[in-house]
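Order as written gives the chain letters A, B and C; numbering starts at 1 within each chain.
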Amino acid sequence: MNEVAFLAWVRGIGFQIALGIFIVGMVVRWLEIFLLGKKHDYSAPKGSAVQGAIHTIFSRSIPEKSTWQRSRVQIVTGYVFHVGLLLIILFLTPHITLFREFLGFGWAGLPNSVVDLIAVITMFALLVALVRRLQDPVLRFISTFQDYLVWTVTFLPLLTGYMAYHHLGFSYPTILGLHILSVEILLVLFPFTKLMHAITLFIARGFNGATAGHKGVQA
Amino acid sequence: MSTSLGAILREQYGVSRRDFLKFCSVLASSMAISPTFIPRIAEALEKTPRQSVIWLSFQECTGCTESLTRSNAPTLESLILEQISLDYHHTLQAAAGDAAERARDLAMKANQGKYLLIVDGSVPMGNSGYSTIAGISNVDALREVASGASAIIAVGTCAAFGGLPHANPNPTGAVSVSEIITDKPIINISGCPPIPVVITGVIAHLITFGVLPELDKLGRPLSFYGQNIHDRCYRRPFYEKGLFAEDFDDAGAKKGWCLYKLGCKGPVTYNACATLKWNDGVSFPIEAGHGCIGCSEPNFWDAGGFYRPLAVPTEGVAQLTQMAFAAGGALGIAAGVLNAKKRDHAIAERETVSIDDLKRKG
Amino acid sequence: MSNASFSRGYQALKAQIDAPIAAYFSSCVHCGLCAEACLFFTETRDPKYTPIHKLEPLRKVWEQEYTLVGKLKAWFGLSTPLHDQELADWQEFIYNSCTLCGRCSLVCPVGNDLSYMIRKEREGMVAAGHAPDGQISAAKRAITVGSPMGVKFPALQAQIKHIEKDTGFIVPVNQVGAEYMVTLSSMEIMNYPEYLEALARIFKHAGKTWTLCSEAFEATNTGIQIGSSDIARELVSRLVNAAERLQVKTLVSPECGHAYTAIRWEGANLMGKAFTFKVQHILEVLEELRQQGKLKTEGLETARMTFHDPCQLVRRGGVIDEPRNLLKTVAQNFVEMEDAGKMNWCCGAGGGVGAIEQAHELKTRVFQRKISQLDAIKVETVVTACANCRITLEEGFEAYNREMPVLGLTELIAQHLVEEPATENAHE
């Protein structure tokens, strides 16, 4: 397979396979969670479960004070790479072009030099996260194969995207193809790994916040 | 016919030495050869006896020949064709029928092992009857002529990579020259059509240095195909700033902004259009307001639509998305209902714990 | 009667899985932030106490029984099924080093309610026969005798007589139609009789009718702590039946954290119906009376004081402002310790940990957190509103050689009540 055919494959059949698995997986996982249901709570409420849920969905994005004091590096690293990933995914012009294909509308992108800088910072933050996972006693203890797998498939799209932009290592069609392929791998693994947290954390926060809200606690 | 190019240029065309050297320097710079080689190119072109060339045209549209020959005024590029002894080219030669085929036989015999073979068009492997010349199938003609050639130049994307005839579903089983001939040096000069000076440049290089120019992994001369259109495009600064034409007649298009979103394949296309340009350096497609379609790359016809941006999938996914949602929904509901049943069963079957059985017996 | 076995335990774990648990496990990214929220980790720095690690058995059941991926993984031999030894090994994490304090549930960035899951996991442990001996004995006493410490009604009667003799107040028992039905923790009967006396004083002062119930005076619920809804239901139903029989308006949970969770939040769900009466913690009752102007106090404590928040009251109960409002009416020098309120650190012996002999050393070790919190603000007295916290604090101070009186908030309020509202000024 030559590089143009490879690029055509990842943009064509490869993408369709990945998207198909992604959607099927996401829907299945979502239904698997919700169809398990939650028992009705007979205890008299002290506050609103709905308000608690909404509150926690947002408030949990901000670390609580004592956690912040105890785990600064961890929190900053997490923030940087999450915000970085979000900015890169949503504000690089070629990515917006892709979203427009699905959504029918687009939005203004950031200049490439800015996204480039964000990519470098994000990759650095991910590397720090990896080093911490390997060195911190707690992180090393609780980490499984999946944690390293997910780190890798998150890092690769950034790395290949960066390499494509700077013409490093491969010809442009090859590295662009690898970049798209790396995202497809991410899509395929997404519903079946902890990457799923990007969606389920809102459900988790909602349930936690509802329980707390019912009891009159701001969680 | 052993008169040298220098003599022909001076005597028949009245080209001055100054103009000739200028042409040589253009060749040198276009091929990224050091200026110190200009006298050597000039000397080689002036003195080398005319090179015998056999040009075979298979499944092609004659666009490549047009590119080389159709100019409003005679150009120096067309002049170099005078330097070669084009012994067979069924579009350009005067002879026809048996006479034409005899000319080919004669040239092959006279220059056995020394002549240059230029091919345009792809070769049908499905049924040899799809394309024949004088009753000889393309594949047989190619094998026969190639056997005595010193080198082969595959001109145009059809000869180099299969091109349009090779496009899905490839009804004729079209293949490139390099898929049939594996024991001869092959230079691919891709493009639909290729830039004329690239053809003459490669011929000049072969004559001057007697060896093949440095090639990329697709067999194309690196000096012309070493950089992609995007990197050399004059509209590149707009890409970096995020300024894009969204439509062919919007304000961005009029201001000459980047055509990426309109499907330009410049980033994945390796060719010299953005630097050498066409029609004596007048313009090239992107300058004319249309995105690059990537014609110098293999499979360019099947590499997603010409107007679909590189970042988007080559085909619409609306139907796939719907099907995936339906499949996921069905599978998810089935799994979810079974899970809920299993859990409810576990609740129903759960054995009551009392204080007398909190510890294991025995 | 069934026998404790791994399969009974596994079945019980399977029965626990619901949508929240599925969402929680789906969301965990192994960030490890819950470790820093858990005092068993912060005081030992041993990674094995990381809260999410304590949930590994339950996670396995969820993944392998309730997800397609988990089933595939198991099918390809990529995961090992849960086995009995694993549950036995996890007793240390699920019981000895977890007080169900719920700090991790408030810290987890993806919003996982970890203590909710530990509580559920204990159901499986109990059914499998892996609950700790100390808690098993307490549960047995609670069911058979009526209280985990083995206190029977005659012992309480003796207390009542004492109080009535000493103070002249009447302590009503089995009074139908009283507004409040008061319950106690046996710790209060045994170690802190002041509490009952304080209640008598307060209700008289406020002019409210109240009663004890001879068949349901014990509010602590060992079923909740050991993690058995069957045992918890049996214990809760005693209180519910009593409250219904006596037709009280409000059932008052004593100064105890888990008793409040048991009757206030889990009670109705264990019974499978909403209560016909209200349930309040004694602090909520006191705050209500204070706001109604029925709690008049005089004199201020001058000692530098702080309030230790019982976990179940703040994080799992929402009783945060009440103790502060009350304490400020009687204390001049009230200071907050760091992380006070919703994020306060556990005393280290809630959730039944205090009853586990093997956890004794660990419990004392993690008390270091309380010591450093208190050392930082240099107080002379600690006030709390949970008899279990109170005894843990006292034992902890003893172990760390600190001279630090610990008071119950209710008693403190009672001590400052104006004797005769009409002669308020005459007292000065």
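As a working rule, a contact is a pair of C-beta atoms (placed from the backbone, for glycine too) under 8 Å apart; a residue touches a chain by one contact, two chains touch by 3 or more.
These numbers come from a predicted model, not from an experiment.
Colleague: Per-chain C-alpha centres versus the global one: which chain is nearest?
Modeller: Answer for the innermost chain: A.
Colleague: In terms of C-beta pairs in contact, which of B-C and A-C ranks higher?
Modeller: Pair with the higher count of C-beta contacts: A-C.
Colleague: What is the distance, in whole Å, between the centres of subunit A and subunit B, each centre taken as the mean of its C-alpha atoms?
Modeller: Distance between chain centres: 39 Å.
Colleague: How many angstrom lie between the centres of subunit B and subunit C, each centre taken as the mean Cα position?
Modeller: Those two chain centres are 77 Å apart.
Colleague: Between subunit A and subunit C, what is the gap in Å from one C-alpha centre to the other?
Modeller: Centre-to-centre distance between subunit A and subunit C: 38 Å.
Colleague: For subunit A, jot down the residues that touch at least 2 other chains.
Modeller: Residues 28-29, 32, 34-37 of subunit A touch two or more partner chains.
Colleague: Subunit B: which residues touch two or more other chains?
Modeller: Residue numbers touching two or more other chains: 331, 335, 339, 343.
Colleague: Which subunit C residues reach two or more other chains?
Modeller: Only 17-18, 66, 68 qualify.
Colleague: How about subunit C: which of its residues touch subunit B in the complex?
Modeller: Residue positions touching the partner: 1-5, 8, 11-12, 14-15, 17-18, 65-66, 68, 126-127, 129, 131, 136, 139-140, 143-144, 226, 228, 230-231.
Colleague: Would you pull the subunit C residues touching subunit A in the complex into a rising list?
Modeller: Within the complex, subunit C contacts subunit A at residues 17-24, 26-33, 35-37, 41-42, 45, 47-48, 50, 52-53, 66-69, 105-113, 116, 264-269, 271-275, 278-279, 314-318, 320, 338-339, 342-343.
Colleague: For subunit A, which residues are in contact with subunit B within the complex?
Modeller: 2, 4-5, 7-8, 11-12, 15-16, 19-20, 22-32, 34-37, 93-95, 97-98, 101-102, 108-113, 167, 171-173, 176
Colleague: Applying the document's contact rule, which stretches of subunit B touch subunit A when the two form their complex?
Modeller: 161, 218, 228, 230-231, 239-242, 244, 260-261, 267-268, 270, 294, 297-300, 302-304, 309-315, 317, 320-321, 323-325, 327-329, 331-333, 335-337, 339-340, 343
Colleague: Give the list of subunit A residues in touch with subunit C in this complex.
Modeller: 28-29, 32-39, 41-44, 46-47, 56-57, 60-61, 63-67, 70-71, 74-75, 78, 136-144, 147, 192, 194, 196-197, 200-201, 203-209, 211-212, 215-219
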